[in-house]
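Following are the structures in question.
The following pair of complexes shares a single chain, chain A, combined with chain B in the former and chain C in the latter.
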Partner chain A sequence: MINATLLELSSALQGKRVSSVELTRMFVQRAQRTNDRLNAFITLDPDKSLAQAAAADARIASGEGTTLTGIPIAHKDIFCTRSWRTTCGSRMLANFVAPYDAFVIERFNAAGAVILGKTNMDEFAMGSSNESSFFGPVRNPWDLRAVSGGSSGGSACAVAARVSPAATGTDTGGSIRQPAALCGISGLKPTYGVVSRYGMVAYASSLDQGGPIARSAGDLALLLNVMAGFDARDSTSLERPSEDYGRDLERPLKGLRLGLPREYFSEGLDNDVAAAVQEALAQLRKQGCELVEISLPKTKLAIPVYYVLAPAEASSNLARYDGVRYGYRAAEYSDLRDMYGKTRAQGFGAEVKRRILVGTYVLSHGYYDAYYLQAQRLRRLIAEDFSRAFQQCDIIAGPTTPSVAFDLGEKSADPVQMYLADIYTIAVNLAGLPGLSIPCGFGAKGRPVGLQLIGNYFREAQMLNVAHQYQRVTDWHQRMPAEPE
Partner chain B sequence: MALSVDDVRHIAALARIEVDAQEIAQVLHQLNDIFALVEQMRAVDTSGITPMAHAQDVVLRLREDRVTEHDQRELFQANAPQVEDGLYLVPKVIE
Partner chain C sequence: MDWEVVIGLETHAQLSTVSKIFSGAPTAFGAAPNTQACGIDIALPGVLPVANRGAVERAIRFGLAVGATVHSHSVFARKNYFYPDLPKGYQISQYEAPIVTGGSIQISVGDTSKAIRLTRAHLEEDAGKSLHEDFHGMSGIDLNRAGTPLLEIVSEPDMRSAEEAVAYAKALHALVRWIDICDGNMQEGSFRCDANVSVRPRGRERLGTRCEIKNLNSFRFLERAIEYEARRQIEILEDGGHIAQETRLYDPDRDETRPMRTKEDAQDYRYFPDPDLLPLEVDEAWRQAVAASLPELPQSKRERYMRDYGLSLYDASVLTAGREVAALFDTLVEALPQQPKLCANWVMGEIAGRLNREGSDFTQLPVPASALAGLLLRVADGTLSGKLAKEVFDAIWTGAGSADEIIEARGLRQISDAGALDPLVDAVIQAHPAQVAEYRAGKEKAFNFLVGQAMKVSKGKANPAQLSEILKRKLAS
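For the complex of A and B:
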């Protein structure tokens, strides 16, 4: 059961071979047993989960179940879930009980899925290792000394450890794809605008995108079908005809051109990662793909551009945390300004404060043109790099990360070191393109390696096709870490 | 461009985040590391390029000017640190 695909679980539930209550109880118990070691969950509420499961069983019994009815899903603690604590991995929201559901949660609820729990994450989604969470770091289920990646570390860990059949995450600079890669599972960031950001706590509004995390391309398609859709309450939500993201899974790959950016295979890429990725590309060539060398010359610029734009947007989005209407308030202060100053100094962790300060500076009088506008102009050049590349290929492929998971604490002393590891994922958010990561082998210390696919706008079905065909003839996505006892 | 301690104090004031005397040196050092990273992008010639704020070429949607929300003050104020008679309480502003 713990290795079953979503379709297999659905079939078992519809066929009454297992009830949602039994399934949910099983996963909740796994989550409770493993949380001391893994710390994947910030909140578990078995009573609430089992109540949803019972309702799902009733719905299935009356013949009104859908594919996801009765299936427990873990949600990144960035999605507002009505009556559940929603902390964003921060002291600032440690006791915030969401009064409403995010669009994504509404969709899963409507499908009859069960909320398994709220997963751990880097504070306010700022981080690549899940070490900045107020609730402690998440450990990599493949090697407990290693990070799970971030910011959707809890979700990736839960899925990899078979503690949840699937999960949701968000990706602003790589936060779905990178933890998926480091934890040996599959994760997808849709084209910007495809998944509504309503109820998804904002970090960088022009970059944030919610997406699915699971163990196969087929499962990602099922989840994306539920998550995608127009929502008038998100001003950047796109109105497009609805589609079945799994419609092209079985299409043969013959003639599909995979573009390999030379900048993604040069210095900075560890040999073990390069080897696993090259083997995956050789496999895809055997399956009919044509490999084409391309260039994304602005690759290196993506990091400084992101670390101007994202902090700038974050400084604006996080201004709302002032201790007045919700969230943490300092215990002692002399006046209103002091209350703001202390509330925010105490409520936010170091990384969040750093990014707010950077963002405040680049938006401030005298620096706006030189930093913020300059970064936005470069953003256009980066997006144009991709447009040009997509004239020569259908999908871009390469490593998701330059190395396998690093050790806990290894990079926390030097924030910039952490930032540099985002090199392959970050430009995708700047351009607003879809990206996905699937496991393609193991590297140093037996830690997983991820292969990244970047598609043109709205080409999720095509990317899932490639991922599924690869997963039909390989079994990296079925490998399971040892139980964390 | 390297920041000074005064710059850090100024930004911290704008951001309403208290940075005390002990922390300020370390914060300054870390911010300067980040700005050293960011400097790379300032040298690139971008004359004539339109800034890109958004991935898709879309315009802000408008809606009919009708009241669609209803009063849920009690529900929302359940999360507030201090409320009284439906008002959010903060330290006195006017001396």
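For the complex of A and C:
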């Protein structure tokens, strides 16, 4: 059961071979057993989960179940959930219980899915290793000395460790794709605007997107079908005809052009990662893909552009955490200013503070033009890089990360080193394009390697097609780490 | 040294939408604290703003009404600062690309008319309220007001006296009520003016250092504050000092302005376009639809009154001070198209006076305009005059019925018939030989006395014109 796909679980539930209560209990127990070692979850609440499971069983019994009814799903602790706390991995919201559900949660609830728990994450989604969480780091289930990646580290870890059949995450600079790659599983960031951000706590508004994390392309499609859709409560949500993201899974790959950016295969890329990715590309060529060399000349600019724009938006989005209305408030203070200062000094971790400072700086008088405005101009140029590339290919392919998972603590001394590792994922968010990562082998120390696919706007179905076809003839996505002791 | 005062006004008008500019919470005034602030208004994690179409439409109405440019593309921007009544830690406003630029408002001071140019008008959300009394060393925050839509209207520094500033504020106030975008209730804070005041030697082109004056919640305060501030600045300059650019509060009890204990002077608000909102698009179709829905504006109405009815600028201005008084006048003139001046006199005289005495205004007429039209018809056709007309007016006002019903019930028809008046006049002449002699000797006043007596005898019903004519004739012979 722990290795079953969502369709298999659904079939078992509908066929009454297992009940949602039994299934949920099994996963909850796995989560509880492993959390000391993995720390994938910030909040588990078996009573709540089982109550939902019981309701799902009743729904299935009355013949009104859908594909996801009764299936437990873990949610990144950035999605507001009524009656479960939503901490964003931060002391600032450690006691916060939202009075409403995020759009994504509403959708899963409507489908009858069960909330398995709220997963650990880098604080306020700022990070690439899940080491900045107030609730402690998440460990990579393939190697407990390694990071899980971030910021959706808890979700990726839970799915990889078979503690949850599927999970949700968010991706602002790679926070779904990178942990998926480092944990050897599949994750997808949709085109900007496809998944409503209502109830998804904002980090960088023009870059954030919610997306699914699972163990196969087919599962990602099922999850995306539930998560995607227009929401009038999010002004950046797109109104488009609804689609079945799994409709093209079985399409043959013949003639599909995969673009390989030369900038993604040059210095900075570790050999073990390069080797696994090249083998995957060779496999795809065998399956009919045409490999085309392309160039994304502005690749190097993506990091400074992102690290100006995202912190700028974050510095403003996080201004509401001031101890006045909800969340953490310093225990002692002398006046208003002191209350603000102490609350935010104590409530936020170092990485969050770093980004707020950078963001405030680049927006401030005298620097706005040179930094923020300039970064916005460059952002457009980066997007144009991709537009040009998509004239020569259908999908861009390459490594998700330059190296396999690093050790816990290895990069914490130098934040910039951490930032540089986002090189392949970050431009995708700047352009608003969809991106996904699937496992394609193992590298140094037996740690997983991810293959990234970048599609043109709204081409999620096409990307899932490539991923699914690859997964039909390989088994990387079925490999399972040893149980943590 | 001949000094000139230069004034510009910044006005915040609360737009009369039912719900807030970025959320569906209600905007109604007077609710218990924090009962009209939803998740979006209190800036919970994960909430997002959604623009209120009605607020945008009211901004378009305003732009069209003042002859401004209504931009087809404008941008919401975040104005970042920390304060407990600003839940998000930023205010959603407009900065580099406001929805309206340009335009002007006509004012008249005495007999002179002048156009005050507008720089811009933009949409933004109001903050909540901070209350410092009653909380014993703490402050109470009421977020009901947070998110209420505001139109910030900025004038060019075109005003040259406190009088002009008040005239502008009043004209603007009347206009926003006229086009139904704001209820203009200054007590409730729906219409707030800040004045930017500076002085310079007359003839110099360069503007002096200005101070911004806040807390002006009546036209009276506005006038006094500007006068005080101008005097203050002139005194400093004449003593050889410099004006510090600062924000000052007007203290009505002491009739003076004082520097405000500000959060921070010269705040850097780090404006940037709000990534949660799309740029505001106003297409031609929308603009035209709004234009078509605008009523005749006060300016054109004034001009029409002067042109078609021969009314003076002053009278026309009084009659267009508000939509309701103009509507009343229009109804009356429609019933009496040959008597615009009569209608004007009654509206500005008896009716306005009565409303004033009752502490009321033209929005609260106790009887329909048609009832008053009925009265004026009887005045115009000679049935009623002077005191009688007033008596009937009083009766109509207090709900006794229509003019005709009252005239009938009280037998108040004016006596114009010579047959009835003749003997009456004879009787008066007989009764007052002394005054008759005085008149014949040249004393005009005696005539008035005799008229008065005749009116008394007729119980006020004699047609005064007829009466005078008959009396004169008889006295001459």
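Things to note:
Basically, the second predicted complex is superposed on the first by the 485 of 485 C-alpha atoms of A that agree within 3 Å, B and C clash if a C-alpha of one lies under 4 Å from a C-alpha of the other, contacts with A are read in each partner's own complex, and residues count from 1 in each chain.
As a convention for this text, contacts are C-beta pairs under 8 Å (C-beta built on N, C-alpha and C of every residue); 3 or more make two chains touch, one makes a residue touch a chain.
As the structure is a computational prediction, the values presented were derived from the model and not from experiment.
In the superposed model, A:Val416 makes contact with chain B only, not with chain C. By the touch criterion defined above, A:Ile356 lies against chain B but remains apart from chain C after alignment on the C-alpha atoms of chain A. By the touch criterion defined above, A:Arg325 reaches both chain B and chain C. Contacts of A:Ala345 after superposition on the shared chain: chain B is touched, whereas chain C is not.
Between chain B and chain C, B touches the greater number of residues of chain A. Using the contact criterion defined above for the overlaid structures, shared-chain residue A:Lys254 touches neither chain B nor chain C, since it reaches no partner. In the superposition on chain A, A:Lys300 makes contact with chain B only, while chain C stays out of contact range. Where the contact sets of chain A with chain B and with chain C meet, they give residues 96, 99, 206, 232, 235-236, 315, 319, 322, 324-326, 336, 340, 360, 364. Interface residues of chain A, counted against chain B in their complex, comprise 95-97, 99, 191-193, 206, 232, 235-236, 238, 300-301, 303-305, 307-308, 315, 319, 322-327, 329, 333-342, 344-345, 348, 353-354, 356-358, 360-362, 364, 370-371, 373-381, 383, 414-416, 419, 431-433, 457. For chain A in complex with chain C, the residues that touch the partner chain are 79-80, 86, 88, 93, 96, 98-100, 102, 197-202, 204-206, 232-236, 312-313, 315-316, 318-320, 322, 324-326, 336, 340, 360, 363-365, 368, 372.
Against chain A, the residues of chain B that register as touching in their complex are 3, 7-8, 11-12, 14-20, 27, 30-31, 33-42, 44, 46, 49-56, 58, 60-61, 63, 72, 75-82, 88, 90-93. Chain C contributes residues 39, 42-51, 78, 80, 82, 84, 87-90, 141, 268, 270, 272, 275-278 to its touches with chain A in the complex.
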